[in-house]
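Below are two complexes that have subunit A in common, paired first with subunit B and then with subunit C.
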Partner chain A sequence: MNTRILGGIGIAALAVVPLLGLGNYHLHILITVLIWGFVYTSWSIMGRFGMVSLGHGAFLGVGAYVATMLWNTMGLSPWVGIPVAMLVSMAMALLVGYPCFRFRIVGHYFALVTLALGEVVRLTIVGLRDQTGGSLGMTVTGVPEGTSLLALQFGDRSTFFYVALLVWLGGLVIWRLVDRSMLRYALEASSEDEDAAASVGVNVTRAKLMILMISAAMTTLGGALYAQYQMYINPETVSGIAISLQIVFAVIAGGLFTQLGPTVGAVFTLLLAETLRVTFGHDIHGLDGTIYGLLLVLFIIYMPKGITGSIMAGLTRRRRPTPAAAPAE
Partner chain B sequence: MLEVRNVSAGYGSFRALFDVSLEVRAGEAVGVIGPNGAGKTTLLRVISKIIAPTSGSVVMEGQDLSRVPAHRVVEMGIAHVPEHRRLFPRLTVEENLRMGAFHPEARRRHAERLDFVYELFPRMKERRLQMAGTMSGGEQQMCAIGRGLMSGPKLLLLDEPSAGLAPVIVQQVFSLVRRIRAEGYTVLIVEQNIQQVLQVVDRAYLLEVGTIKQSGPSAELLASPEIRRAYLGL
Partner chain C sequence: MFDSFLLESIINGLLLGGVLALLALGLNLVFGVIDVVWICYAELVMVGMYAIFFLYVYYEVPLAGAIAAAVLGVALLGMILHRFVIEPVLGTAPINQLLVTGGVLFFLQAAATLAFGIEFRNIGIRMPVVEFGDMFFSFARILAFATALVGVLLLWLFLTRTYLGTAIRAISQDREIMPLMGVDPRRIYLITSAIGGGMAGVAASLLVLQYDVHPAIGLSFGPITFMVCVMGGLGNMLGGFVAAFIFAQFISVGGYLFQIEWGYVIAFCFFIAMMFVRPKGLFSR
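Take a look at the complex of A and B:
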């Protein structure tokens, strides 16, 4: 109840942000946080069940490239192109996921398979140079008037802010729906013991495929949204290993098991990247990657529940000063 | 109710069961006894389809299980309480029990089943919000049996319910098994604790290195000179 009121206030506060007359830069930061917050949420929907994907860039790439190519070459509106891209991603997830889950490729081995998937998509984009522009990337053809609902292009940043806000909220809603579904129990059980889960009646393969496809479809939407916002895409920035790993890092930093964890991760990584960029410029190449890696290690050792998880653990501890004294009725 | 016909099974090139046949009739409690490594657990795993037999078949109420996948076995009325309990340690007791009523048919009657299990194991009600992995071994065993009962099974498979428990707790677990029997469940129980289990079941099969060596009513097996010498140390 309390959290619902807090949530309402939070959403209302976010909704008036563009009216505050923020400059373009700050609005840009906020939109970026919302888009990546949504992507990270999409990853964590699956990642929280021990299904660590190191290749979600694959789905981002499909979202960005399929929607953009359909628009650029055939003039097909992203309103159609995005669902098409989501279907492509889900088919890809099915193709890779089914054999993995059927033959119990879990843990590190699953992570390696997804890592390969991300690379396959990236190399495919690079390889299809004539269609995709290869490593040089691709520009989304702009509409002459600058703003068009049909083309999902908005010259004005604050309109795009609302689009991103809606999508991000949608991601949180899906997170909550999954959290309250039997699918969650099925997946938690499967992540602990597949045999035991199967013997209480969980179709482990199906449950895992479902969550992978949900996660893939959402990530694809995130990729397409990113393309619509940036108006320029590049295989490295949507499907590179760096992006796939950044997703994992951000979610672990923010908190894997809480609804807002991935968003907090997005804020954290973005602030970090911006601070590094402003302080050091582009002088020291690879500095951000080094710091990410270092922080990731520190987070895993000292804050395995991430920022939000640690804050919540702290709050419960304060509310109940002596946790050991809780009697068993 | 359950018929195991000439089942052979193994892991890779290792064969654990050779041509095993047994039968459980409705309302019975049947034991499979034998030493470590005799293939007792493998037998239960074959019945609940966690592993596939290399030959032979398992028939539940006239239906051949060979084409039924593991997650559908529960719907056929078979609940497997696996060896070492295999709870989901980071889920609460109640969540573990809920998992037992996972399939849609059982989910509909979930509240009613939960009441039944809590009535049977009041301790579980006290601990309902505790993480299952933090309970004592005996409590975890209760929780595992409770999880099995949540699906409203016709046949309960118990794999070594006494394993790793203190002697006092073992007594408690066996008296629970007796109560579950009294509730009308058909039980197939696998045990190393031969003396105890023979006091709970009607009949038993002695399994040694993958083959059935002896079978009969409990009293008869308890009196059998070979069993007394080899297993009871008398």
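Take a look at the complex of A and C:
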């Protein structure tokens, strides 16, 4: 079947979801899946080329905090604040990315450098406690009427659902655009062999910087959106090593190499967390993390392509034997 | 003008450097030999700290015995980690080996929360404070510094003076040739993992004297240990050793001049600057 038609049906189905009269709880779950699905997609856009960042919490944190602080202290609308935050993130990505890519810092080294970046953003937020509230977090100042397009605040969950849906779709479109571009071939070549890629004219540093900055800007938007939705942010939940690893886990679980993989990862992790919460209640701390960790290890050992990747592999395997068997007859 | 507080923080930085050097040592050894970064290294330290805490406080084992048990226990944990988590993914993409230990990080941290709760636990030993002029130094830190130096020396002697140490160094230089010379790499990897784990256990015994144990303590030592290792050049033990002292100075003096978080931030900015200058570590060839 044509994937485009399937996609159209899927989007139409999602668009009518708020009209079904779902309760606030289910709508909340869906919005959360969309926001995190977008963040995870932003990570996978570079992660799929072997550029594993363990510090995307840095960009997430900048998105949440810069936009919120501009709004809270200066009354600057998130419509301005989010682009400013994106620029800050991209500058940060450039500053860290350039030496990394220029001097061939790849694999372990790159992962550890980004990990440090994520920590530093978290520590900076904590350190600026007079402005950010430190570890206590900060609340986004609400507009009195509850809903304001200018402030990007929507008291009504179904409106926010459409905002999140649009952003998430935007993320998938960017994923597809990158997938169809020359950048993809350049990066795939560089991830296999940088020397060979450079020898056929790929500007490895530039290609990697481009994808890093796209990913950073998208993640920043995701962070800002998360802040606008939750109306409360905290350095631990939007930056640092814990959230960065959570991003990686969800993408690996969902599937790193497919368009919908990160979203499936978001659904999977959220359903897991919610099921555990409903079954065991709030009191048992650490249960979800224990299971996450165990699953992450098992996924990498036994299912490195993730849920979607394994399903796709299963489908192609089933389809392939027919033509291969034909000549033998 | 002489600022004795500044001098105090410089010397404290030196002492902190010893701890960081010890932390970096085990990680560097494992990376140098097996080519795997244990992202969960600081969580192994946490396990060691809990082991000492419970043995000493609840089961009233003498401190020396508790420490010995913890070092052995974490060494065993290192072997288990290698055998059941790292070995299955050794042949796959290198980044998988990093991520799989990230899963172990999640697991250990959350399992500690599940088992012990989120309380901060203190072993309850009051270490004397050493007074020198108007400067005060924690005895625990001096002890940690001395142990770190002895640990480095012992490891160096082991690696250069024993047959096994020579085999370990050889395999880190050429992975393909050594099996042909009759060295079983799987055995060497297991032994290295045990030593790396043991180093984490030693670090745990020094940290438990200075800090409270809680499930997230790994997150406060982990990132700084990785930065030290990367700046020194992953797998380069001498580089890691020197980088540990540089970082500790930034944290200690920066923390004294501003606030403790800013010490870390300044250390990181220096780290970025160094990447432009020496991207593959301080003593890269």
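For this structure, a couple of remarks:
We take it that the second predicted complex is superposed on the first by the 320 of 329 C-alpha atoms of A that agree within 3 Å, B and C clash if a C-alpha of one lies under 4 Å from a C-alpha of the other, contacts with A are read in each partner's own complex, and residues count from 1 in each chain.
Keep this in mind: a residue touches a chain if its C-beta (ideal position, glycine included) is under 8 Å from a C-beta of that chain, and two chains touch if they have at least 3 such contacts.
Just so we're clear, the structure is a prediction, and the values are computed from it rather than from any experiment.
Once the two complexes are laid over each other on the shared chain, residue contacts for A:L245 go to subunit C alone; subunit B is not touched. Within the superposed three-chain model, A:L54 lies in touch with subunit C and out of touch with subunit B [touch as defined at top].
Among subunit B and subunit C, the chain that touches a larger number of residues in subunit A is C. With both structures placed on the common chain, the touch criterion links A:L87 to neither subunit B nor subunit C. Of the two partner chains placed by superposition, A:I311 touches none, neither subunit B nor subunit C.
Contacts of A:V17 after superposition: neither subunit B nor subunit C is touched.
Listed in rising order, the residues of subunit C touching subunit A in the complex are 31, 37, 39, 85, 88-89, 92-96, 98-100, 102-115, 117-118, 215, 219, 222-223, 226-227, 229-230, 234, 259, 261-262, 264-265, 268, 271-272, 275-276, 279-280.
Taken together, the subunit A residues at the contact with subunit B in this complex read 182, 185-186, 188-189, 192-193, 195-204, 328-329. Those residues of subunit B lying in contact with subunit A across their complex are 48, 50, 69-75, 79-80, 82, 86-91, 95, 98-100, 102-103, 106-107, 126-127, 130, 147, 151. Those residues of subunit A that touch subunit C in the shared complex are 50, 52, 54, 95-96, 99-100, 102-105, 107-109, 111-113, 115-117, 119-120, 123-124, 126-127, 240-242, 245, 248-249, 252, 284-290, 292-297, 299-301, 304.
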